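Next, two complexes with chain A in common: one pairs it with chain B, the other with chain C.
Coming up: the complex of A and B.
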């Protein structure tokens, strides 16, 4: 007797976002991740590596080695990221942070423009993380990058207005960030959408955690949002941006050099970043912002396998 | 997600009747737009008693076209005239909803094949030639007949909207809990479950304070598995009740703007 395989009948799909000079497409899934037998996953998850607009002093040596010689030059650093094979460059405007350099909007906008002009892949621009300051600098950055179709973030419930208006006016997409809370995430998407930015130009950042540091909470939220999206909730049907590197390179497992039972540091640190990314790829993540070039290689090796059709 | 079937495009209402008689689509379009804005998922289309059986065929097709020219919503084609039903289905864009079959074999043998042919969903009432059953169990027995027959014609349970029949609370009070219990059981009849629907306004026929009775029953019915209702989409309190029940039942993900978003589907 033939076995009938139960397939979920989803009624909706995730919005498809188009970014960058090469019109890179993200999202568009009509099923949960990699269930090719149930629906389509038209676009591969996108990888990106971070570039800081000033040399970060607190980065672990492994990361510094990977970008030796370019870390004081964001343009050269961005080119290195492209060379390493990332699908997109993520520029983090840390110099604007009051505790770093307190750089002005015009200064960071100039850097952002220089980086965007130097690369032929999409640019993701992330502010310094201080809500008020990001609300000031990101609109200016958006103007400087007019027409580049970048992905700009992260906006929160406290600073979305100025940034959303600028992103809408200058043709960018936005990353909406909420603190591990699906209800706030949905509400923020709605508020942004109500300002006139279409939902296919919004990605959300659920504030992911790294492996071992509450990854399961972020996983559940991402999965719940995705099931909502596939069953018709358009306000949650947006691509998901995962700041993997930011969180994994803070973990002691990624930096502690001499723990015998944990194995050699190099493999362990890369595995920490890759495992975190793969976990979120399974939960419905779309954009994976990492820090080590080796991690995106290994992540892509996983995606190559997971992307093979299992349709029947 | 809860599906509101907007009841307003019906020839029983004077403005729709005038639209039909004068061949003036304005009122039909207005009601299509208004109900869509109120959160309707389907637009019920009923010619009403205005015309002869022959004329109804053409009128139904005209009403469906007028409604779908105004908004991008599917229609529930509501008639006991099979020729008019088919005429409506022929011009309909997207997945239509046939309204309605009953558990009478002769009706099932006409309407289920029609649903299959036009890939339409179908409302089926848990009653037969003997009338409306008294108990929840008898309603479920008929629901099972509907489900089995629909399956025989290749109609998926998710396209079958079973109506356990709601009677006016002021004259048939004992039916209230039976219909609710039937809803609960109907959802257990198959996997995937059949959908459920009711003609909500029936519960409050000729009673004072109809809106209160309607929205109270709606919340109670949604709690036991009601997926859709033919109802007054213009009743804002009623739609708010549906939105809130759907949040409390964890059918849609909560956000502060949930009442507004509920209407934007």
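Coming up: the complex of A and C.
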């Protein structure tokens, strides 16, 4: 009995974004994740590892070991990230946070420039997470990185204006962040687009949670957004940026030492990060910002398999 | 399912006898279409009409029951491709396999490990569902011995894996009483396997080499009168399994009857991390049963946790128990954080509090599982509710101060809450991610 293969006739696709000195392409999918039999996923998911611009105090030992000797030097740390095979470096400007160093826009911009100049892969720059402060520092960072085609975030409904204007002027792309609500994602994309930044220069961050801590909310937002994108909603057709490591490395499953019921820590912690990442890859994630180098290796091995043909 | 009231009406006697309790046959048909009445209410429906309507009203994915007793579980009755369209109904059954090439001691040791794969998550217990016994030896007696040994050492239902009908019969004779899953009927053995499955009333896996041959074989098996089935398309590579699982679910929802059954997928891999990632993918991508080799908890916990997450009902907020959660062994000087019993609110607050490394009490107010802002808007997260909860749980008796911290989003509640509780109410951050810096600025430096 010949089964008539059920193929959806999607009418549209996800926007394709181009970032970094090597013109790395991301997005552009014209089907649901890994359904190569009915559409294309022209660009592999992008992996990145985080670099802090000051030594993080609270990182678990497994992460500190992976970056031993470079965590007080963002440039050396960024080079290590490239050496580990990440597609992009994510620089988090933690030092600007009022609770940490309260560093000025000029200080963090200098670091961002030094990091960007030291690498030949795309740079993703993330602020300190305090909306007001990020609204001050990120435009200055955007100016310092003029022409580097970085991905800058995270902008929110409260600080998008100054950052969007700067990103538009200096040739960058933007990460729009909204709290777990597809309509807010859409709305922020529209607001940013109305300021003149084309939608193919916007990625959205739906505020993902890690495995076991509400992963299903972002999972369903990504599935809904992808279906929206494929059926013609341009305001949902932007690549999805997933802050995986930030969320998994605070879970107790990733840091509690060897316990009988949960097994040894090492593989459990790696799996917590990679399972979160592949779950979002299965739902429509595009950029995966992680923290452990082994996680991106495991993730890439999974993507290799998922990218094999499944044509009928 | 899928039939309109008018299509059903055509099959009814159209006598308007009213014995079904409805004024007309058309009204009854409408009730049937809406799922509000059963065909049994009509005493005059013809046998032919009954069969037509029964098969048309069967769910897109048949319900299959596995095992008996406390560890029995169900698969099927799925109605959607995306959980956000409604929900996924029956969580994927996780099977861990043992081989009949293992010694009796090895089998016992592994089964003991499988029995211990029980995880507690905010008061709920989650576990694996099946022990698979694989006839790697090719020897019927060895297979039966191993099946018997496993059966004696676990309460979980078995998944018996052999393509040899003779071996399957021997195993079922000693371990067939608890409705194990019979794996598998293929093109060469299906008649014998169907006979065995019928005899033991056991769910039978039908295994094709691809979707076409699977559809053929299902037709042959159902022609023999057996419909207690689970499907295996034969795909083993990750990308092909994703494609086939998606096809089978899509076809089932289009009411292509040969694919209207739950599925089984094999995640087995020599590298347990790869195996775990594949299993998690299959849990999200429609597998009814997923088979794994490892019994080490660090590889199973992520799969079970993802299953728990993906199979939650998106329309129903998940509540955690309203109680005092003690994080990092708090002492009497530890801060008291108030939030709602929406699971995500609690998880965010608990996760960020633990990340701050400040031992704390987190108190969850019962808002029927809705979030802080929704709870406030709905009048469920109120000063009165906070005061009642503090009193009922005896929260302030645990500490040597009288300060409580409420979420920044409901700062407006602080005055009334202070009045009702007699506590000093500190307004915390709007987002839980602000908790570590909040503690740094406002708690540790006071």
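In this section, the second predicted complex is superposed on the first by the 310 of 312 C-alpha atoms of A that agree within 3 Å, B and C clash if a C-alpha of one lies under 4 Å from a C-alpha of the other, contacts with A are read in each partner's own complex, and residues count from 1 in each chain.
The rule we apply is simple: contacts are C-beta pairs under 8 Å (C-beta built on N, C-alpha and C of every residue); 3 or more make two chains touch, one makes a residue touch a chain.
Source: prediction; values computed, not measured.
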Superposition on chain A - do chain B and chain C clash or fit: fit
Contact breadth on chain A, by residue count: chain C or chain B: C
Which of chain B and chain C A:40 touches, first, second, both or neither: neither
Partner chain(s) touched by A:224 [first = chain B, second = chain C, both, neither]: both
Contacts of A:186 with chain B and chain C, given as first, second, both or neither: first
First (chain B), second (chain C), both or neither touched by A:9: first
Chain B versus chain C as contact partner of A:235, first or second or both or neither: first
Smallest separation of CA atoms, chain C relative to chain B, angstrom: 8
Touching both chain C and chain B, counted on chain A across the two superposed complexes: 224
Partner chain B, residues of chain A touching it in the complex: 9, 182-184, 186-187, 190-191, 224-225, 228, 231-236
Residue numbers on chain C that touch chain A, as the complex places them: 82-84, 116, 118-119, 121, 211-212, 215-216, 219, 237-240, 242-244, 246-247, 250-251, 254, 256, 258-259, 272-274, 276-277, 280-281, 284-285, 296-299, 301-303, 305-306, 308-310, 312, 314, 343-344, 347-348, 351-352, 354-355, 357, 431, 433, 436-437, 440-441
Touch list for chain A against partner chain C, complex: 1-3, 5-6, 32, 34-37, 58, 97-99, 129, 179, 209, 211-217, 219-220, 223-224, 227, 250-253, 261-264, 267-268, 270-272, 274-275, 278-279, 282-283, 298, 301-302, 305-310, 312
Contact footprint of chain A on chain B as seen in their complex: 1, 158, 192, 252-257, 261, 265
